[in-house]
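In what follows, a structure is listed as structure tokens, so that the remarks can point back to it.
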Amino acid sequence: MALEIDLHCDMGESFGIYSLGNDQAMMPHVTSISVGCGFHAGDPHVMRQTVALAKEHGVAVGSHPGFPDLIGFGRRKMHISRQEAADYIIYQTGALKAFCDQAGVALQHIKPHGELYQMAWHDDDLARGILEGLAVFRPTPIFLALYNTLPYNLARQMGVRVAGELYADLDYLPDGTTTIKKKHGAVNVAATVDKVLKMVLENKVATLDGQEITVQGRSICLHGDNPRAPELAQALRRELEARGVKILPLHAQSFA
Amino acid sequence: MALEIDLHCDMGESFGIYSLGNDQAMMPHVTSISVGCGFHAGDPHVMRQTVALAKEHGVAVGSHPGFPDLIGFGRRKMHISRQEAADYIIYQTGALKAFCDQAGVALQHIKPHGELYQMAWHDDDLARGILEGLAVFRPTPIFLALYNTLPYNLARQMGVRVAGELYADLDYLPDGTTTIKKKHGAVNVAATVDKVLKMVLENKVATLDGQEITVQGRSICLHGDNPRAPELAQALRRELEARGVKILPLHAQSFA
Amino acid sequence: MALEIDLHCDMGESFGIYSLGNDQAMMPHVTSISVGCGFHAGDPHVMRQTVALAKEHGVAVGSHPGFPDLIGFGRRKMHISRQEAADYIIYQTGALKAFCDQAGVALQHIKPHGELYQMAWHDDDLARGILEGLAVFRPTPIFLALYNTLPYNLARQMGVRVAGELYADLDYLPDGTTTIKKKHGAVNVAATVDKVLKMVLENKVATLDGQEITVQGRSICLHGDNPRAPELAQALRRELEARGVKILPLHAQSFA
Amino acid sequence: MALEIDLHCDMGESFGIYSLGNDQAMMPHVTSISVGCGFHAGDPHVMRQTVALAKEHGVAVGSHPGFPDLIGFGRRKMHISRQEAADYIIYQTGALKAFCDQAGVALQHIKPHGELYQMAWHDDDLARGILEGLAVFRPTPIFLALYNTLPYNLARQMGVRVAGELYADLDYLPDGTTTIKKKHGAVNVAATVDKVLKMVLENKVATLDGQEITVQGRSICLHGDNPRAPELAQALRRELEARGVKILPLHAQSFA
């Protein structure tokens, strides 16, 4: 069976008068987006507009819930309880789902943002809270998570459809986790394409310290604040398709 | 056909460490509640708990969206656009609906809070924005509004099921609108029961300046911060039922 | 005596990860700035950095307090009481003053932002609340206000030093007030310089409907989000100085 | 020389419509208060009122800055940088100081709140950030901190006047730190007085696990949400004075 890969970007991170990212330029090149839900970024107006833009381009939509920390963009560690994690996922995703309903698009997936995504790698309670929040929605959204992390494995155990996320433009550590960058510099497109091809076709990626580790994933995450991101997305699509990989949103992929 | 009346209370207005209202004491005595959604009051934790408590008592749930003004409790006039009104209704109600889905209860109605409720009496754009927000949800929630006001009449024209709200413990002005009280003092239960009976059975209410005007409604609003509110609710139920009025949540009432 | 004019720009309007304006580029060209204080824009980090940058360039600092409405950037009308206005001015200006103390610069002035600035033109309570807030600080800051408006005239009656603000890049209405633009387009530098020269040297400005009205002011407001703002500032300085006008921050000007 | 002890309570923790604590009842019985500054609790209106009430009773005022986490009441761990800590202390304390200036009372001290207080026990960067913020104010406020903790010792090294805080109604751990209680139940007044007398007169306190450790302090912290707190405060004052201890606010105590 042909490999299937989703091209994915976090969007809807503007707030009020403040503009962030490059959603207009990236939308034509991706198959899925994760939309900020008003806690770490995004507001009701931005959410509506982002979902409408996705629909216009036939792009699948997921929620991107984060910590209630706008000033820190959800990138500061906060210690919340399992119940709070569930409640925050439900609140934010529920709000986004209403905009999806308005636009007539499905809620494809949930992908926690920033430190809510990262802290759960090492916090069983947090991971469980996130998945309890996800379980509220029908049809159950796909869980977008980093391969082989605690929440990824937990979701698999629970029978939740989970999609591994591959980072085109972040560095990998030996344990398979990645480093957040405050700002994503200009990427080397050719080198990044090579890295992604290796991740997708050989399930291998080089770590920062020169090792090679196994990764699996259905979704390649691109960062829209990178000025060459649209170019990178186009190159990835072209090179992946040239090798027989199908570029498909998560909901159109085959889950065993 | 017998008259049908809903007993209703705004709930879920606590926030974080802050407690407001008397939800535990009032819940057994009402048939519907409107739940704060995090903008003027309420937070994800409070929303989940409030919906769960309603389910436990078989009480119907609606959303109570307000202005994004926690410090002013949504009781300060803010000039927002029609689009912003729609977006705020969608965001807040969507968040609440997710907690309803979690608890397995329906989203019965939408009732805007405070100045979002009141400013719409005199602002066609605001009224339309609110109703555009309401129209997103399926099944379409009942719109809870003050009789004969602009949003009430607009909803009827649009074919939305609208329920008139009758205020047991607020004063009426000659134009049929009511005055918000910052704090609801101890009510005279007997006098309030008489007032409500007259509203329900004769469709009449005395105004502050001694006139008598026509009112219609399916829902009697009680305020839980009134220490005698539980007693009042019980007396209303008893006296209304004694006169053949059925006490029913809005969703169980007959809409022509 | 030579005319004295302050060149002024609103700054420090970034928030968290969000960047707004062009403070680095404009700072060398102005003599005073008004700094966002965290309610409608700005955060503690941005405030500290902005004050430090002003100090580096020898630019005078004032506070720019606004409504507690980050999502609306303080540009939505909110109805607050006189006491709330005073409290908001005190809170925000007090916070900024601490950063001024840290940097060793004086708090030169207070200029309300957005609708807090504009609503006071027609609201005596609001104007009085603002001035009650200003009166708390020592030495009493200069009040930066639009010429001949209610708060401007009230400040004069109260003996507060008040500086008229002249808008280089906003349109004037026949009553002497101006219109807020959501976004400031590219200006015609030559035409704007002519307009300002006329305002400063002849105390006249053309209104949108072709009349000519009297204006007075000590401070010319420029908007940093205009891409040609640095060029405009330089041209204004050059042309004003060529006509014998001294470019001086407000605190260095002579108040009768 | 006679021992000198401050009786102290956290106040000004109400927010908007939400009331917390029992400031009116406690104010007559204390010599100092720490006032919430709007991040974890408190708002501009509450701050003004609280400072005014303190002035009325001749009670000394300090700031009680916390994490920007209203929903979590500043009691959730947040990982902020040293610079952010300094900025938050400066912003919040500056805001409070303006209300102190308005009322004509001095800013006596700074006491971080909740997890900003507690995390600094084990985080050198956080402790330094807090003290960098404190150093901005003139005259330099007293630093109120738990005896022998990292920030306490750091302040002493830096030559900052630091006052040890003794907790009448919290349990001590063997390392000299205390446990936060979400809610403070009714205290046993007699037992608490005995505990405090021992802390003040013998510098000893029993820990949860039955050890006895050394403590030193100039300020006894009482919690106003305890219904017997006023009674406890009166008993403490009486018993301490009976043993020759002077009850004095921190600013009136002798610092070597």
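Chains here go by letter, A, B, C and D, matching the order in which they are written, and residues are numbered from 1 within each.
Everything that follows uses one rule, which is that a contact is a pair of C-beta atoms (placed from the backbone, for glycine too) under 8 Å apart; a residue touches a chain by one contact, two chains touch by 3 or more.
These numbers come from a predicted model, not from an experiment.
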{"item": "Third chains touching both subunit C and subunit B", "value": "A, D"}
{"item": "Proportion of interface numbers common to subunit A and subunit B (over half same, under half different)", "value": "same"}
{"item": "Between subunit B and subunit A, distance of the C-alpha-averaged centres to the nearest whole Å", "value": "39"}
{"item": "Where subunit A and subunit D are represented by their mean Cα positions, the distance between them in whole Å", "value": "43"}
{"item": "Shared-contact residues (touching 2 or more other chains) in subunit B", "value": "71-72"}
{"item": "Complex contact set, residues of subunit B against subunit A", "value": "38, 44-45, 47-48, 83-84, 87-88, 90-99, 101-102, 136-138"}
{"item": "Of subunit D, residues touching subunit B in the complex", "value": "15-20, 41, 43, 70-73"}
{"item": "Subunit D - residues contacting subunit A, complex", "value": "68-69, 71-72, 76-80"}
